[in-house]
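There are structures below to look over.
Heads up, the next two complexes both have chain A, just with different partners, chain B and then chain C.
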Partner chain A sequence: MDLELMINSFPKLLSAAAITLKLLSVSLIIGLFIGLFFAILRINKNIFISKFAYGYSYVFRGTPLLVQIFIIYFGLGQIEYLRSTVLWVILKEPYWCAIIAFSLNTGAYTSEILRSAFQTIKPGMIEAGKSLGISNKVIFFKIQIPIAIRQSLPAYGNEIILMMKGTSLASTVTIMDLTGVAKYIISTTFKPIEVFIVAGGIYLLMTFIIHNVIKFLEKKYSY
Partner chain B sequence: MEILAFGDTGWGDELFYATLMTIAVSITAMFIGFLFALIFTPLKLSKNKFLNFIANSYTTIIRGVPELLVIYLFFFGGTGAVMFVASIFGYNEYIEINAFITGAFAIGIISGAYSTEVFRGAIQSIDKGQFEAANVLGLNKFRKFIKIVLPQTLRLAIPNLSNVWQITLKDTSLISVTGLVEIMRQSYIAAGSTRDPLFFYSFAAVLYLLLTFVSMKLINRLEVRYSRGY
Partner chain C sequence: MNIFKKTIFSVLLSLLVIGNVNADKIRIGTEGAYPPWNSKNEAGKLIGFEVELAYTLCRYIGQQCVIVEQDWDGMIPALIMRKFDAIMAGMSITAERQKAISFSQGYADEVASLAVMKGSSLEGLDTPAGINLTKPNAAAKKALKTLTAALAGKTVCVQTATIHQNFLDSGDVGKVNVRTYKTQDEVNLDLASGRCDAALAAAVAFSDYAEKSGKPVVLTGPTFSGGAFGNGVGVGIRKDDTELLKKFNAAINKARKNGDISRIATKWFGFDASM
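So, the complex of A and B:
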């Protein structure tokens, strides 16, 4: 055990953890909107619209996240047309490519979580709203969404933790996140176990915090 | 389609073998995961606090740390660990471990943590009366496990194990960082030499979709088979 290396690498890994958290929070926020959008499409009565939303979630859940990042980072740059548009400003940055891939990926999982939450809402609640003369829009925002959020909290908590682990793939497109820095230190010092303990410890700490925040929210919003 | 031709002109045969490699690694990893689950599920269900602690640490650490980090640990640390064990037995030459074994083992340990949780949940949801009935019939521990616990566990576990299989299958793409030529690595090589990453990575995505689709169909049939009588 090289304790000195563990102590020395700790601040470096901790500052890299900030990048991991940044990647995670930005993708989760964008992913939540994507997920909500596709969940609404999924419960649409039009079969083409709901099939389209199903196809989206099937493709993104059925392929590895690594493939998705590589398609966006290496693949999209190949399209000449894209290079001439404003989008290229975003797509040439590995950071934004990773964010796009993560958001689309977590969006697919989130849409499944929200869809099942929407479907478990008792029809009676919606009927009660209708009989009170509340408009459909208000029913959706004031009745369906709050219940769906409560229903999907446990599953969404798991998704946040899975996504946090997923952000480690950003290191494959040159981003120095927690895993990226850990790999760099391992490959320069050849002390994998020490670095794994420190980096893994930081990841576990983040998992622990997320887990408890979600548990707290579940308690707060339970009825 | 010329680019996917078999033989020297295209990448068809290479990608075909890479797909077989992905399947082989996934199955091996899943199997190693089962072995881990076989060890850690009883520890989780044990009444001994210390054994509980060991099993809980295993599943918590593995499920809380990114797969990629675990793979790096094995990739960089595996050789060292094996050489250390070998040096105890007096063998001091350099040993290189096969990328397949390292990869399958790393993914297997991850898969094992998920399988352990699945088996634990399945065994815990078996009706208590089943155990009591087995005891009343005077079955010994081994027969009780084989005849009563295992068939019911499998029925309850298969739907969740199919999720574990999906995770394992997708995780194998991460072994490409160690240089094992599976779908992802082969696509990387092909994309580099043809300068057509969009096509090859999209094709890799299609291959993975195909694998998940076909395996889901097969698992569904297994599910039906194990649910006979219910």
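So, the complex of A and C:
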């Protein structure tokens, strides 16, 4: 065990963890909107709309994240036509390719989490609102959404942690996140065990923090 | 015994057998993704200069060899952890690597070069044909200055943990935006897609790619040798394995004397890359 290397690599890895957190938070925010959008489509009574939303979540939950990020980064990069369009400004950057892949992936899982949360809302609650003469819009935003959020918190907390670990795949498309920097340090020191232990410890610390924030929120919004 | 137990039992048994068969053979690690040094054919079989040379050297040593595939970025750690006994993977002998492992004498040499897509502004730089960085002369220093100016703010792509990455990190060509990839294939893909302004690798890696893919990849600037680029390619061996190191050095001497190395090199590179 090379303790000195572990101590020396810690600050470098910690600053790389900032990139990991940035990738995570941006993808989660975009993914939450995508998820909410598709969850609403899923509970739509029109069968085509709900099947379309189901298809999206089926494809993105049914394929590995690594394959998705490779298709978006290396796959789309091979299409010559695409490279002459404005889209290339975004797709040229590894960072945005990773964000797109992560957002679409977490969006698919989030849509499922929110859908099941919407479906657990007892029809009586909505009917109670209607009998009081409250409009559908207000029922949706003031009754359905708050209950759905509370219902989905435990599952969504898991999704955040899974996504946090998933961001390590960003290193496969040249992004210097926590895993990327760990690999870089290993490439010059040839000591994978020491460096990966420190990197793993930082991932664990982030999981610990996320886990406790979710637990706090669950308590706060319990009824 | 139900079918599930039977399956587990037979898998364990086969692992045991594989383990024993390889016990007295020399295991040689290679990447299988760096043509023409080492690569794989359509059938997934390892081929290339070093694969053929490895079998030749083993004949001189008088021991059987198995060639093991290993990702490049884990090559040296895998050697240290005894997943195999020797590395033959186009690995240049550098001072940095010699801190971790030993090297045999060099068996072949490569020059590195920058590559760009045809029509790039980096094409046709005003530099000598080749520069040696071990003791850079005036012309080499001037070439580095030219490169520093040309590459400022540009994205240069390299395979991770290579001499090419070390060179760009050394600051000899100023502050360039270095992007690292797991394999040379991925570097080539992103050079062709335009995500990289330039790429740095063994010159033969680019000419091989240009030939096979038909993409307009062209070399630019000088070819590099010496300094961060090391002193030829040798067999990497664990530091405590002095016995095997002696065997490989003797085998390389014999193979060189008999003209085997230069014959195999000419076959795979199209020119004599042996040393």
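The rule is short, and it goes like this: the second predicted complex is superposed on the first by the 221 of 223 C-alpha atoms of A that agree within 3 Å, B and C clash if a C-alpha of one lies under 4 Å from a C-alpha of the other, contacts with A are read in each partner's own complex, and residues count from 1 in each chain.
Rule of thumb we're sticking to: a contact is a pair of C-beta atoms (placed from the backbone, for glycine too) under 8 Å apart; a residue touches a chain by one contact, two chains touch by 3 or more.
Note that the structure is a prediction, hence the values are computed from the model and not measured.
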item: Chain B versus chain C as contact partner of A:A199, first or second or both or neither; value: first
item: Comparing the two partners chain B and chain C, which touches a greater set of residues in chain A; value: B
item: Partner chain in contact with A:F190 - chain B first, chain C second, else both or neither; value: both
item: Which of chain B and chain C A:T63 touches, first, second, both or neither; value: first
item: Chain B versus chain C as contact partner of A:F74, first or second or both or neither; value: both
item: First, second, both or neither for A:K92, with chain B first and chain C second; value: second
item: Which of chain B and chain C A:R115 touches, first, second, both or neither; value: neither
item: Which of chain B and chain C A:R42 touches, first, second, both or neither; value: neither
item: Partner chain in contact with A:R83 - chain B first, chain C second, else both or neither; value: second
item: Contact residues common to both interfaces of chain A (with chain B and with chain C); value: 74, 78, 172, 183, 186-187, 190, 192
item: Residues on chain C engaged by chain A in the complex (per definition of touch); value: 73-74, 76-77, 80, 96-97, 100-101, 157, 160-161, 165-166, 179-182, 186, 189-190, 193-195
item: Touching residues (chain side chain A, partner chain B) in the complex; value: 58-59, 62-68, 70-71, 74-76, 78-79, 161, 164-169, 171-172, 179, 182-183, 186-187, 190, 192-193, 196, 199-200, 203-204, 207-208
item: For the chain B and chain A complex, residues of the former touching the latter; value: 60-61, 63-69, 72-73, 75-77, 80, 166, 170-171, 173-174, 176-177, 184, 187-188, 191, 195-199, 201-202, 204-205, 208-209, 212-213
item: Chain C-facing residues of chain A, complex; value: 74, 77-78, 83, 92, 94, 172, 174, 183-184, 186-188, 190-192
